[in-house]
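In the two complexes below, subunit A is the common chain; its partner is subunit B in one and subunit C in the other.
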Partner chain A sequence: TESTSPDSNAFVFCVSVVEGLALLDLGVSPYSGAIFHETPLIIYLFHFLIEYAEFVFMITDVLTAVALYLAIQDFNKVVFKKQKFLIELDKYAPDVAELIQTPMEMHYIPLKVALFYLLNPYTVMSCVAKSTCAINNTVIAFFILATIKGSAFLSAVFLALATYQSLYPLTLFAPALLYLLQREFIPIKLKSKSFWLYTMQYTALYLCSLVVIICLSFFLLNSWDFIPSVYGFILSVPDLTPNIGLFWYFFAEMFEHFSLFFICVFQINVFFYTIPLAIKLKEHPVFFMFVQIAVISIFKSYPTVGDIALYMAFLPVWSHLYRFLRNIFILSCVLVVCSLLFPVLWHLWIYAGSANSNFYYAITLAFNIGQILLISDYFYAFLRREYYLTHGLHLTRQDGTEAMLVLK
Partner chain B sequence: MPRPCWARPWCDGGRQGLTLPAVSHYRLFPKALGRLVAALGVQELHLALTQGFWRTRTWGQPPLQAPAGAELWVWFQPTVMDVDKAWKELSNILSGIFCASLNFIDSTNTVTPTASFKPLGLANGTDHHLLRYAVLPREVVCTENLTPWKKLLPCGSKAGLAVLLKAERLFHSSYHSQAVHIRPICRDASCLAVSWELRQTLTVVFDTFSSGQGKKDWSLFKMFSRTLTDACPLASQSKVYVDISPKNKEKELLEVTPTPASVYEAIVQGDKRTYAVYDLLSPSLFNTSRSLNVQLKWKRPQDSSELPTPVLHAQRYVSGYGLQTGEISTLIYNTHPYRAFPVILLETVPWYLRLYVHTLTIITKGKENKPSYIHYQPAQDRRRPHLLEMLIQLPANSITKITIQFERALLKWTEYTPDPNHGFYVSSSVLSALVPSVIAMKDVDVEQSPLFTSLFPSSDGSSYFVRLYTEPLLVNLPTPDFSMPYNVICLTCTVVAVCYGSFYNLLTRTFHVEEPTRGGLAKRLANIIRKFRGVPPL
Partner chain C sequence: MASSCAREVVISFILLKKSNSFSIFQDQAEQFFRSGHTNNWAVLVCTSRFWFNYRHVANTLSVYRSVKRLGIPDSHIVLMLADDMACNPRNPKPATVFSHKNMELNVYGDDVEVDYRSYEVTVENFLRVLTGRIPPSTPRSKRLLSDDRSNILIYMTGHGGNGFLKFQDSEEITNVELADAFEQMWQKRRYNELLFIIDTCQGASMYERFYSPNIMALASSQVGEDSLSHQPDLAIGVHLMDRYTFYVLEFLEEIHPASQTNMNDLFQVCPKSLCVSTPGHRTDLFQRDPQNVLITDFFGSVRKVEITTETVSLDSDLAGFESNLPKDELATEPLKYAEQLPVAQIIHQKPKQKDWHPPGGFILGLWALIIMVFFKTYGIKHMKHIF
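And then the complex of A and B:
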């Protein structure tokens, strides 16, 4: 009953939780219908907290911000230590002094991250709409905190919780593993025994916690109904309610014959960037995590603005890349304008009747292109900075003139 | 009063239910239906095809109401193993027999009510899993549905009362409902044997006022452009009943010609009614003229005919604006001055209108009214509709308002009807109640009472069974653009490809310092042209 716009999406509405509780009161399984697609732990949590729902969501947002603050604080220390180590080893080129991050500029980054998350209009909208995406964000933030602090057990538990909530954080297993390996100083070589030992340990922890959580859910409602209702729903996309993602209109207009094929393609699309990114970014697992979270938020089956708020909170961590970003102005304009146009065109289509679905769909396309180009811009800037760090800032060609750097 | 199982010889301890006789006499019973009933293990079948909506407040209580469109409800015998399969076959076969699109009945519009639609014939135990109910509100009824219905009659439309049933007059009406009811009944009062009963009903409301030059007089010839000439030779009973109940205790308000041979008084639906009876089988009827043309003339001009307000009536509407959400409201009126009674409300809502049961509110006289029984089965996308059944107590002289909110889903473009902006129909909700009768009804002799009063079994004289239907609703859904499938696929795949392309570039390529190249052919040509122009080379 809070929804007036689809940005916060039917899938994650608090309304669906209220509906699930009402169905339980009537003696019907909440998963026998098509409205409730939350996990049993959420229904258990809200069984006690439904009267204080607003406070719950405010507290989760604050917890997310605090977790991100602590995580980035620790991360900065790690980055600084690594930087110092590499400078001492003379791995950096001599003229890159201006690219090195100083403690002064890194001091305010954790606070900026926390504020970026809390003051983001997307977060505020998500909180007002009481979207359960906020709870997902909290779990992922705690997972990031646990990973950066180095606790493999907590990291595995939170990752299992995040995967249990919405399948896609499964892909964050790779960056977490890479980070923990780096922290334990285990070299990432396929022949190394300690590498495999640690990987097996972490995988076992993760899978065991996942199994425990799923069995716990079974005992809460005494049925396995929640598996097709939660995970089947995420994977097979039966609900075409308009949201800010790409899936809904695509499958509304898809020919029946190809529906299954394209569902598989779209779902694989979320998961298959993991391995190439792991190979390319194995030295920089936190950036890998950022890119992976962004890919999940853009390509998941029911994206909401809350997911976007999470990866945007990380942008201050890469503020030193600003000088290498190529299209930041136009992309931020695109994102701002599209965010403003979403409710307008939604109203025109659904309430005023003077536009049709294509208008809203066009803004969806533009918004997603904006997000994709933002992420790839940051990725480009990151890689470029790494190149400059090792090869020097002022590059010259063989004949001494100033060089151009291209991606070949 | 239903007799206990052990007293009935055809009931074997309730384990196998009724042992219904196989249909073997096709002299009167149509073979198509007989074979159908036997092959699919049907215990009771009720099919109604209706055009129009019965206006209870202006026309009074309907004798037998049916929802707009096609309604089919069937009780299967306990011996049927796969009820869904039998249901599918049954609807397809009936679709062929009645030339109606009953083959569109599938799991998305079939429900299994738990409290409404109890068997009307003999039944031994009621496991509601053997019941199926479906309504097709969009179904149009026309001549080609009437013809097979008439063919089921033993005399067809060649003799008896059915000669009146000509399509061109019957469909010039405000309401047209034809129904077929098959059920097992006791062969006689001692109930030693069971027979199959096939009952065909046709309810038509003619608007003679608008077609009769402003007068409300009617005659068979004016209504049907035909008169009755003889009874069907196969009929054991062939009677015409004309309701001549005096209003406000005044006699001589109307006049019926020819003078009826007998007058029958009964209490029908809680009302004392007087019927003029014309028995087509009595030889004295056709003495004076070869044909019977019953005429009714009003002695005085009728002033705003005040039919008594029915004790129970209801209306339903959808409210809200925009294409996202809406609210269904049902108003149930109990106009009985001092008696309260419960009513069972059955609502079937298609899956694409997602009901929020936590928004269900029932308000009577300003206070919340909690139903004593709720059965709610939520819908599953593309598989089954919502089913909401409630037992609500209606206080005397009250209006009860039941509201529930819903959200409209966006469907796949192939799931819309060819005219998507017409909207989608929500079938009528069903209200079943034992309405307390204003006048006490004494136990009537089933044999003597007219057939139109004996469909619903009555357990005692103080109340009568009523089944009402509310209006069907028309709801608009948001539509995608139907001309755009290729465009959408291309554009969305382009966006995904942009991501793939950018990431591919960044992941597989590395940075290199650009070496000056000699330049390709195009560059050299361009340099030559620039040299001529006097501009520095590239």
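And then the complex of A and C:
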């Protein structure tokens, strides 16, 4: 029931791309049906690859893993360099020796990241279901690789591709910009001219590539049909098929009168976290990127398990935060149990008829709460470590008693 | 037309009072006013369930009892009861349904045949019974097998309102639907004359919309009025009957198969002083004068029997009849399933030709862009190493 399970649906390949291509063969625009919501570049890609669909998805997963491996390898080098720089500048407190990352323990992290991605059951499920989320993951992985390598041009191109395919990677513009600014040693001050110059350059690169890609896709079908069908579909959420996200139940129950308001609220919710995160995490753009990808995969309009697989692949990069994580047991239980209960309750609801949508949505809610707890835990742990690095491990209050950090 | 014939009868009666042809004329005149039906049917429907609607079941069973007593057999009665009161766990006297308090009259009896029971009493089933559009698997006892010479009595009781009657607490039948059903019956020649009696609140609204001929309708209350129940029995704990049907039952107990009581007397049953609501009736669609319509035309099954004193002999040469029977043809070739899918062809078919190809401009543009990006990243100088 892979293709019928909703965990990797709305952009599920099997039904929608085949239908799109069949419609094209009949001479009709593939967007005239209600199933196909892929971009024209996907049409082009699968036009000649449709018979080898399984291989295509296996190759994309391998490419994602390789890209992540190379990206994290470079990132480790950057982290290590920065750490050395800060130690020489005496920015760290004297008793934090145990918190500093050593090359020894960081040696296997890229391999772990690649393995985390490839062996994740979510990735396997998404590959078996042939969901186009895998292609999205590949593009985002290449984008991360390009950003970490420092090539602004390539990163803008890949980000444009990722935004073109599903709208939400637009929010990854901010962490990429921050990372590139950091790499070019341009300080982030609002008055600094070089800051604005670089930002303008990057924005121009990004927007130009986006425009070029969209115009190119116009020429595929000689029509602008794909814009309402792809972006309108993502933004206005007309399809309320149950998935692991939060949108469907809400909008199924809602009155017509309020649906526009709540769509706006939900979509703003996805994009909004960029601003406070950018302010807080401007020194740590890669962690910002991780949190941003996680936020996208929880709050986007049609999440699939492939999105979850992508940000989970990053968890080994922050394995040094393990000692600061507080809820790791509960949330791993929640995530495992909910993932196991998803197909059970789906079966009970749809096939056995003895449960109803509330059961399934309850599991969805619990799963998403687990994910949010995961991100907030890592966020807390990261910030706490940073605080300890600069202020020393044994914190004392004014009067000398032991203090504890809380995340407000 | 009726009045001119009446005048003719009177004139002929006066003129030929003492002649022998008086009886012939009287027979002819009486023949004219008699109903032309040859069989009687009854469809009795109780639409409410739950114990506190005991009285609706009792209503229907009283009419059933009267109708059966006056001669209509069970095969010609379609009895629909939405709930089982006799065997209801709350019935202190199981297997009985009483219509009078102090348990004077048990209308359930030993020989009640319920055709549609419990959840089978739905608007759909009722309309299917009336119009005859029943699935072929329906047993004979559940069918209304009337023809164009049938007089049908339709009695409905339950909870109703202005223009509708509630079935089973979950659906309604409207007066428009009912009128259309009767029109279908008329067009399919399923009745000769139809008497429709309804005992619900605002019952008169149900017959407002009838437009087919030969229908006479009675209702227990006018639009805007409620039909009230008669009397509770303190031992059973619920109201036993509705007022209108209670007095109709008392009226019908006086009728016997040979009685000459006519419809006008039925209209007088239950005046406002007894019933509190105003019963109504509608006779404009009916072609005969209600004065001339006997109660037993609808409630009884009066058969016209012709007694003859001659003997009729049947022909004995029935032997030549059998030769016309067709012989069964033996199957000459063995039977097998038709080829549904050409499996052999499907397995070995090549992938079908694609008709759509991306336009050349697109491919060109795409690859040009890819090559541009490639060179921008890696620089032209690397080309030297490739070539």
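Convention: the second predicted complex is superposed on the first by the 396 of 408 C-alpha atoms of A that agree within 3 Å, B and C clash if a C-alpha of one lies under 4 Å from a C-alpha of the other, contacts with A are read in each partner's own complex, and residues count from 1 in each chain.
Criterion: contacts are C-beta pairs under 8 Å (C-beta built on N, C-alpha and C of every residue); 3 or more make two chains touch, one makes a residue touch a chain.
The structure displayed is predicted, hence computed values, not measured ones.
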Clash or fit, subunit B versus subunit C on superposed subunit A: clash
Partner chain in contact with A:H47 - subunit B first, subunit C second, else both or neither: second
Partner chain(s) touched by A:L277 [first = subunit B, second = subunit C, both, neither]: first
Which superposed partner A:F287 touches (first subunit B, second subunit C, both, neither): neither
First (subunit B), second (subunit C), both or neither touched by A:I350: first
Partner chain(s) touched by A:N358 [first = subunit B, second = subunit C, both, neither]: first
Subunit B versus subunit C as contact partner of A:V212, first or second or both or neither: second
First (subunit B), second (subunit C), both or neither touched by A:L21: both
Touching partner for A:N222 - first (subunit B), second (subunit C), both, neither: second
Broader residue contact with subunit A after superposition on the shared chain, subunit B or subunit C: B
Subunit B versus subunit C as contact partner of A:V157, first or second or both or neither: second
Candidates 20-28, 110-118, 182-190 or 308-316 of subunit C: the single one with C-alpha clashes against subunit B: 182-190
Interface residues of subunit A shared between complexes with subunit B and subunit C: 21, 26
Parts of subunit B lying in touch with subunit A, wherever the complex brings them together: 321-324, 351, 354, 356-359, 374, 376-382, 405, 407, 409-414, 478-481, 484-485, 488-489, 491-492, 495-496, 498-500, 502-503, 505-516
Residues of subunit A that touch subunit C when the two form their complex: 21, 24-27, 41, 43-44, 47, 51, 151, 153-154, 157, 212, 216, 219-220, 222
Residue ranges of subunit C in contact with subunit A within the complex: 351, 354-359, 361-363, 365-366, 369, 373, 376-377
Interfacial residue positions of subunit A with respect to subunit B in the complex: 1, 3, 10, 15, 18-19, 21-23, 26, 28, 32-35, 238-242, 246, 248-256, 266, 269, 273, 276-277, 279-280, 295, 298-299, 349-351, 353, 356-358, 361, 365, 368-369, 372-373, 376, 379-380, 383-384, 387, 395, 397-399, 403-408
